[in-house]
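Each structure below is given as structure tokens.
Next come two complexes, and both contain chain A; in the first it sits with chain B, in the second with chain C.
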Partner chain A sequence: MTKFLNLLAAGLTSGAIYAIFAACVTLWYRVSNLLNFAVGDFAMIGAIGTALLVQDQHLPFAVAVIIVLVAVALIGWLFDVGVLHYALDRSTRGARVVAVFFYTFGLSLVLEGIARAIFGTDVYAAPPIWGGPASQVLDFHIQHAGVLTIALAVIVGLALWAYLRFTVSGKAVAACGESSLGARIVGISSGVLRRRIFILTAVLAALFGVVESPVTGFVYNSGPSISLIGVVAAGFAAYNKPGRAVLAGLGIGVIEALLGGYVSTQYNDVILYAALFVIIIMRPEILGLGAESDLAGVTV
Partner chain B sequence: MTAVRPETGTGTVRPQAAWGWWQRLDATSASMALGVAVVGIVALVALNGNYTGLVVTTGVGYAVVTVGMVAQIGYSHQLAFSQSVFMGLGAYGAALLETRYNQGVLVSMLAVIVGAVVVAYLIGAVVTRAPGLALALATLLLPLFLYELVTYSSYLGTFAGISGVLPLWSGETYAEGMVRTGVVAVIILAVVVWLVMRIMRSGVGLQLMALAADERLAEGMGVNLRKRRLGVFIFGSVLAALGGAIVASAQGIVTPDLVNESAEVTLLIMVFVPGRRNVIAAIVGAIVIEWLSTSTEFISTNLPTFEGALLILVLLIEPDGIVGLCQRGWEAVRRKRVERAVAAKEETA
Partner chain C sequence: MTSALEVAGVSVSYGKFIAVETATLHMAPGECVALVGPNGHGKSSLVNAIAGTIKRGGQVTAFGKQIPARSTKAAVAAGLVLVPERRHLYPKLSVRDNILLGGFSKTRRLRASRAWDDVSDVVDMFPELKKLLRQDAGTLSGGQQQMVALARGLAARPRLLILDEPCLGLAEAVTERLYGWMEEITRTDLAILLVEENPVRALDVCDRMVRIYNGVIAEGVDEAAFPGHTGVEVTS
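The block that comes next holds the complex of A and B.
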């Protein structure tokens, strides 16, 4: 039982990583119909940027975090104004898988390349917000950074759920996802809304990188693989329910930890990816891609 | 010897008996394949097995994969992220057969092709049932899956990979073996180019283009969607496996880097940036990007930045890549020339 509880705690911590990315991916997909593969790179910038500003420039932690978040917001704004505005607002082409995937793939590559040039290949971790050794409740070890990570994931999931469900702005986000043209006709500025959400999710991911990095550490190329799992976890929420995306992310993390604990520490990820692959292929409707979906038959 | 065109009664046609075999090969496809073979062999012989020769031979291996992607993604619009996985299957398959089971190159190549057909059929029979975005998302997991598998499996050499992979055609010296391997790789590429061009210029190619334009319309026209989707998936996957085996033979080693998600992104960039609907562009893209990744430290370090920026630029400006951009430019020049000629005629009149 103790082993199970410790595995559960570890799984919830790693699941929180996927959960928050899944929530960010879902929210942005809801407004833009594009997948965000750069969300993990924003987390990497948050974690490594804060670590370097604190360690090398000796800035106070709070100041370093604010500087990094502003920088990430600026990158998000520049990408939207310089690329997405031209690609989506001025384009006459319909939804295409190329657009769904490749703009943020490109951004991810650029961020990864720049990070390698600036930060090198070392592993970095921001200073922990809640330091000290792991707390022990009965036989149950709890890492402080893990607790913060899970708490942040739950808070973000609940906040995004409430935002979409109870606010006018949230309804506007959903309207943009349903039909960008229709949203514009009823007076919703889909471009502005998309830009705000992109910046918000980038900042959230960066903040999450800062909180989580004491647990796993970040390298310049940490982003893509966690973004991928975030995208897959978001798929299990049909890309339109951030709250469910958080649950899916947590679930994936727990299954990964349990497979590691009870089946194989080496092949837990292999089994996990195989299981996710089989689920997507056998039940594509889980992704909200039934025959009636607008994106079900889109091509390159 | 000439003959009169039967349908019009004018002009000349080549006699069927003498040129029949060439026409059956499809003159355009065969000319292009022949051109690729000649240029490739001349270049590799001139490089005489030096380091650039190795890079070009590796690039030819990647080109076999990207030419398959032109058929799969460019013409058929089937976006699957499984090419690096099948490259890995081909490379690791050849490496295992040659180093662990002492098989020759020919046997390992044939085994890789047969193995890739079987695996692609098994995966394809399931994944091609999924609609466009689900297919792409599901296959996104495959590179992650295989990368984890090869890095932890001692049978597959873990992080160090498997060394001692045989060249496609060995020589008395390393340089001679490298030239010979390059020549064999180029001949395989030429055959692949011919095959892809031949398919795309046939009735099957028309069906694939109809399927790419509108699946429902294609189905209405009698195209068997499931069969065609599966066929394209298997074809692209087998070429990826063959390309992987060539890359492993050229380098003499196979490592997990060949199958990770960055390798998949690099393959996509090799196709999208030069032009995803053009076979020659895909070959040039593969060789140039392979050369860039090993040319100087500055370029190899910053390659992801350049690749990402280029990908975004291409998607923004011209989704058909550099070739599409050139075609648009050429069309504009021609249109202007015609307009000028018309204006000059009107002035004269």
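The block that comes next holds the complex of A and C.
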């Protein structure tokens, strides 16, 4: 029983990490119909950037975090204004299959290259926000960073769910993804919303990287695998409901931990890629196949 | 009194193809104008250019306010609202949310429940929608979807409503009901620009008619085409 609970706790911790990235991917997909493959790289920049500013520049932790988050917001803004705006807003709709992956995948590669040049290949972790050894409750080890990770995941998941469900602006986000012309004719600036959400999710991912880095550590190329898990978990929520994406992320984490504990950790990647196949088979529209074309509008 | 719509020298081209050539159009407040012409002759291009959804040249002024090209936001703020061809609803959002977002330009900072209070009166015009509010818009029939699109347009509180082929692809009975509804709102002080392929039907509700042919707004009445409507004024 103790083993089970400890595995469960570990699973929930790694699941919470997946959950946040899944929620970020989902929210941005909702507004833009694009998958963000760079979300993990923002987390990497957040974690390593903070670690370096604290260790090498001896800045206070809070200042370092703020500098890094502003930098990430700036990167997000530049990417949208310099790339997505020209690629999406100015042209007539291009090949969707390419657009869904291509731009953020490219961003991920660029960020990875820059990170390698600046950060090198060492493993970094930002200083823990809540330090000290793991607490012991009964027979049960509780990692402080894990508790923070789960708490943050739950808060972010609830906040995004409430935003989409209860605010006009949140519904406008959904409307942009459903029909961009339909959104524009009621006065919604889909480009502006897309940019705001991209920056918001980039900053969230970076913040989350800072919080969870004491658990996992970060290298310059940690980003893509995190992004992939986020994209897969988001797929279980049909790229539609960030709240459900959080649950999917937690679920994947728990299954992974239980299988690792009772069977073998070798199967972790197998599970992930198997899940990816299931999603692609069940939801081909994310590849632009059979998706509702905006030009055709809504016909039943 | 400022005019509802002043269109001066508006052109639309797609690459080398010119869809609309220096169109000029004038509408008085509360007026109901039909824009007719064969398929593919620039009707939709013209109204989309006016509403700011596509690139254009020329000037558009609604209720004294300049509408820059490609700015639907400015158009909606001035009271010019487009109900586009094929509706362009948000299929996976509920009917209620679809209508609620019509008021986006005024309610963007509000909670959804407050925003709904602001626009829910438009549903009174479409009693049929009342039981469908929770259903996803994509699951409705074509006629019901057109009602949602109209309700969403009205939720924006327009002073000039542009209806682009509202009856396209709808059954005859549904079309008749939509026309009944349009007759009703033409009695209010809302100005309407109605795009129709069928001029005879359009004249049931409109005060006058503007023809567009090969992207050019045509002068003179084609008597043979519209017998019995010789009194109709056609602007150039």
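Quick note on the criterion: the second predicted complex is superposed on the first by the 267 of 300 C-alpha atoms of A that agree within 3 Å, B and C clash if a C-alpha of one lies under 4 Å from a C-alpha of the other, contacts with A are read in each partner's own complex, and residues count from 1 in each chain.
Just so we're on the same page, a residue touches a chain if its C-beta (ideal position, glycine included) is under 8 Å from a C-beta of that chain, and two chains touch if they have at least 3 such contacts.
Being a predicted model, the structure only gives us computed values, none of them experimental.
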Touching A:S189, do we find chain B (first), chain C (second), both, or neither?
second
Go through the superposed model and pick first if A:P133 touches only chain B, second if only chain C, both, or neither.
neither
Touched chain A residues, chain B compared with chain C:
B
Return first, second, both or neither, reflecting whether A:A172 touches chain B, chain C, both chains, or no partner chain.
second
Need the overlap of the two footprints on chain A, from chain B and from chain C, as residue ranges.
296-300
Chain C residues touching chain A in their complex are 51, 53, 72-73, 75-77, 81-93, 97, 100-105, 107-113, 115, 137-142, 145, 152, 156, 169
Flag every residue of chain A that touches chain B in the complex, lowest number first.
83, 86-87, 97-103, 105-114, 116-117, 221, 224-225, 228, 231-232, 235, 266-267, 269-270, 273-274, 276-277, 280-282, 284, 287, 289, 291, 293, 295-300
For a test of understanding, state which residues of chain A touch chain C in their complex under the given definition.
165-172, 174-175, 178-179, 181-189, 240, 292, 294, 296-300
Chain A-facing residues of chain B, complex
73, 77-79, 126-127, 129-134, 136-138, 140-142, 144-145, 148-149, 152, 212, 215-216, 261-262, 265, 268, 272, 276, 301-309, 311-312, 315-316, 319
